[in-house]
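Below are two complexes that have chain A in common, paired first with chain B and then with chain C.
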Partner chain A sequence: MNPKKPLDPFFWLTVVCGSVVVAFILLPLIQMMAQPSLQDLKEAIQDPAVRRSIWLSIYTSGLAAFISFTIGTPFAYLLARRDFPGKKFVESIIDLPIMIPHPIVGIAILGLAGKNHWLGHLMHQVGIYVMGTVTGIVTVLTFVALPFYVNTVKAGFEAIPVRLEHVSRSLGASPAKTFLRVTFPLASRSMLVGIIMCCARAISEFGAVVIVAYHPMIAPVLIYERFTAYGLKYSQPVAVWLILVCLVLFLLLRIVTGQRGSKTAAGKKPS
Partner chain B sequence: MLRGLLVVLFLATGTFFPLSASAEPEGKLIIFHAGSLTVPFAKMEEIFETRYPKVDLLREAGGSTKMARMISELGKPADIMASADFAVIDKTLIPQNAKWNIRFATNQLVLCYTDTSRFADEVNQDNWYEILGRKGVIWGHSDPNLDPCGYRSLMVLQLAGKYYNRPGLYDQVMANRPEKNVRPKSVELVSLLETGHMDYAWEYLSVAIQHGLKYVKLPNEINLGNYNFDDFYKKAMVKVTGKKPGTWITRTGKSCTYGITMLEDAPNPEAAKAFLGFLMDPKGGLKILKDMGQPPFIPCRVPTAQMKAQLPTVLQKWVEVKN
Partner chain C sequence: MIRIETLRIELPGFALKDIDILVQDGEFFTLLGPTGAGKTLMLEAIAGLVPITSGHIRVNGRDITHIPPEQRGIGIVYQDYALFPHLTVLENITFGLRYHKTDPQASEQWLQWLMERLGLRQLASRSISYLSGGEKQRVAIARALAVKPSVLLLDEPLCALDPNFREEIRHVLKKLHQEVGITFLMVTHDFAEALFLGERAAMLNHGRIEQIGPVSHVFKRPATPFVAEFVGMRNVFPATFDDAKAVVDDLELDLLEPPERDKRYVAIRAEDVVIRKEKLCRNNVNVFKGKVLEVIDRGISHEVLVRTGTVIFKAMLTKGTLLEMNLLEGKEVHIEIRPSSIHVL
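Right after this comes the complex of A and B.
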């Protein structure tokens, strides 16, 4: 058996396809990142509206991820551990927000939250407004990002052997205690990955948000507004900043999860 | 595989359009138009496509300023551009992307509302500005920087202050309009009215009629719909963003006049000419506009004889020279 077969056509096919994929993703991004001069970038970041929008993007996406974490974790656990009639149906409902075109999400939420709908009427009476508010932005972002969290964490829970939970239960721990002391720590890595996925999805959302809230502007809406009002030259620097900030944030999160992951991997299971 | 890939890339970049056009109009015809022209242009598309079955009319609607920028800045391919303010074509597209500009219709501003709007039962021509200032009333307009309807709404408010002789009117009313009530284009406000997120919104008369909204019709002196009052309209001035962030230009009030042009590098000039001929026919497109609340100019107008000479020959019979 020859370990080195450099001319194997299948190997080269995979390499070629791989380079096409990488080039397809990187070329437009590099082109855009390379366009603005340092002066443009400096002017952009000195603009309070730009800083405000990037911060709002991070803040609302973080909130969406936090909400997904709070209500999505127990739900993902239920889906991973229990079988019940209609489970397949429930699972496909979770995937719906991934498939629905984004503007439709915005329109649907606006329609529900308007004064002419009983729910919206109720919300208006207690002072909850969705149009043009941070509440509205977070609602939309959670809607589109939640599936990414639930699906990731569900897979994480499924990977944890049930017998570990059984051992804990047989030693006298309650289901809640077992979840908190055994399952939760073992699944923490998948939760962090889920949070990253959820944040990433939320921060990139535009179509649904622009319908619910034009002002206050999240970064993608500001980039769009800059483009329409001033043209390409003044939207690119903002886009570059958003990409840079996101890159750093996600890199940080990756590093954090990487460390935690290797610790658990070293301590619990070799993988 | 490579060919498949090329096709995918081609489609992905959206550069796929017919390479040649023959004498008989056929193929794709791309029209960019103001959001407020959506309904009449949809109707025209229907009739035009039965007349020219080989042509596939593709329309893209948006704020006129934005649409013009798509052409001048991004080089998006388009055959025809119809703007809610003919001046946008003059400023953004001529001379680089277009050579002439035909004025074909007018419009006016109205204040729209629905049955469920607060104070819907008492609003009228004399008290609307007072209602817009009331606490709890949610009203909005489109973004003056992106949509001519936006700055025109502000102009109406300024003119109203002069017409009703109430100097503080503009500031009082604007104080009751948080920034979140400003949306990119005016047609969007219709759905906010219909879902009850908003009580009142500034729209063109045509939009109000096409969407079956209730509206307050304003006096000619302030509705920006009658060019005989252009001298008074001129007194309204709105600052909108200029060419770069932090710079401003001033828009001066004038009557709402729609302009249309064919782009210099139109991918399908034959079909474009056919469509323009249909649009400017008093029994064709102009009639549709008339029925839908956008009073057309019959015949359409160009400002100079020089410009008329630059029009494609087949179109010259449909226009008169009138400034």
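Right after this comes the complex of A and C.
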């Protein structure tokens, strides 16, 4: 922008709106983070129930992300590379979990996993229980978080020129080897972003989990329970801990995988 | 040797039809045509990367029509290089070696020779992102040749390069082809490239082959109006023939000899249309009076459009000649076309 010219009003409108948005997001969070005293925080983390719930939140979300990675990656590849009749329909099915209100997700899954349904009946016979179990939590978390993984990684695959795969095939590599040696490493960054998005979505889920499994308590459910039973002051320290732990984890994930990721990103740059 | 028989590929909105090509062992064959003629599609069909509708492709007698690309032994080099960005130069070149069971010593020797030949020794451990266009194309060629394919397909390998790199890669390709004895099949839209590199050429237009033959033959004796224009004959007119005369609108052109039957066009190179200020009193064969319609600057040369009657001829002059003759739009001139410069199609 030319500094000599007076800035036009529209520019200022965009700046003002931007500031409102940033303040709107940050103010409540800062307020909440600043509220509990160090003593409150210390007491909260010394409570085994709090530690257990945070750990449960993290590892159920991690499992949901792992499942999404395992079954979502080949599926995202299929969507990115192949055209088939009904593809648009399949793609809109993927987006459904984003739109459906969360308690409805919980109710829908319970309906399928209950004794009255043949599938639920079958699951009970082999010893898989959804209601009030970690299995149930992971199931609903995967349900709500999978679309974020699939959509991110699909876009990542689409950005890789199909010619690279063609060349790999012409050099003697089978489709599977081509995927492992060319496509997978080039998409690793988008997979990492997908995993982070997926984890973030899963760890923030409350509505669906509270229907399927009030116990064992994940952190959001525990925070909700403390809020309704004891009030704001008792729920805040737990919330602060959950946010802190998540931030550290995501940061670590970025650092651990960042080395390879940045190399790939640099390689992708056209010269 | 590649033998393509009645190949047909149908895509939504485009089709390659009735393709019959025989490429000899060790030949440098060029596939020529404008953008959208279906050249790349044909290359990818030979490499097994697009499904074909009908027909057969044989390489060295083996029918490979339904064999997956990784078992065909056909290398491909794309115009945008398609190098693996996450691998180094050496890792790119050796990518395919593990899928080809060969004597490791011979393979190593071949690799060293290739890298030496293509000047890639010093670049071996470099990342792909810091290479120039010419270097990238040399890596792509080395990578494809490293596994000793029976055929190397080149998809406009010079197209994306700067002019000085283009010259370099052109020579590299020519020398390499002479030295390795592998069949090269190159796609290009530049006839000059085909003249320099190719031995024989097929002209592709709208998914069909219009002419196949030695490149110089295609250049001198184009078979269709499309090929004539493609090889630079700027004057192509529909004509009727009467003994050794061709009639183009209201002009009568004398030919060297009566044409064969079923000929329908005459084609003349712009450089063969001679412009004179005065009518010379020689035997006056094919000399017509006309008016300069337009002078177009084409860089090195100038194109002069001359209207005689209803026909517009395109002539090519150097800047010097143009200035000397003081040709301006609207000026009256005479044009002369030697009977030997008139091609009958």
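Simple rule for what comes next: the second predicted complex is superposed on the first by the 255 of 271 C-alpha atoms of A that agree within 3 Å, B and C clash if a C-alpha of one lies under 4 Å from a C-alpha of the other, contacts with A are read in each partner's own complex, and residues count from 1 in each chain.
In this text, contacts are C-beta pairs under 8 Å (C-beta built on N, C-alpha and C of every residue); 3 or more make two chains touch, one makes a residue touch a chain.
Nothing here was measured: the structure is a model prediction, and the numbers come from that model.
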Chain B and chain C placed together on chain A: clash or fit? fit
Considering only touches as defined above, state whether A:231 meets chain B (first), chain C (second), both or neither.
first
Request  = Could you look at A:214 and tell me whether it touches chain B, chain C, both or neither (first, second, both, neither)?
outcome  = first
Q: Please work out whether A:131 is in contact with chain B alone, chain C alone, both, or neither, and reply first, second, both or neither.
A: first
Query raised in the report: Counting only touches as set out at the top, which of chain B and chain C does A:47 meet: first, second, both, neither?
Result: first
Next item on the list: Would you check which partner chain A:110 touches, where first means chain B only, second means chain C only, and both and neither mean what they say?
Entry: first
Is A:20 touching the first partner chain B, the second partner chain C, both, or neither of them?
first
In this superposition, the partner of chain A with more touched residues, chain B or chain C, is B
- request: Identify the partner contact of A:222: answer first if only chain B is touched, second if only chain C is, both if each is, neither if none is.
  value: neither
Quick note, chain A centre (C-alpha) to chain B and to chain C: the enclosed angle in degrees to the nearest 10 is 150
Q. With the two structures laid over each other on chain A, which partner does A:171 touch: chain B (first), chain C (second), both, or neither?
A. second
Once both structures are superposed, the least CA distance from chain B to chain C in Å comes to 47
The residues of chain A that touch chain B in their complex are 20, 24, 43, 47, 49, 107, 110-111, 113-117, 120-121, 130-133, 210-211, 213-216, 225-234
In their shared complex, chain A is touched by residues of chain B numbered 5, 9, 63, 65-66, 69, 73-74, 116, 143, 145-146, 178-184, 188, 191-192, 194-198, 241, 243-246
Listed in rising order, chain A residues that touch chain C in their complex are 161, 163-164, 166-174, 177, 181-182, 185-186, 263-264, 266-269, 271
The chain C residues in contact with chain A across the complex are 44, 47-49, 68-72, 74-76, 78, 80, 82, 84-86, 95-96, 99-100, 127-132, 143-144, 147, 149
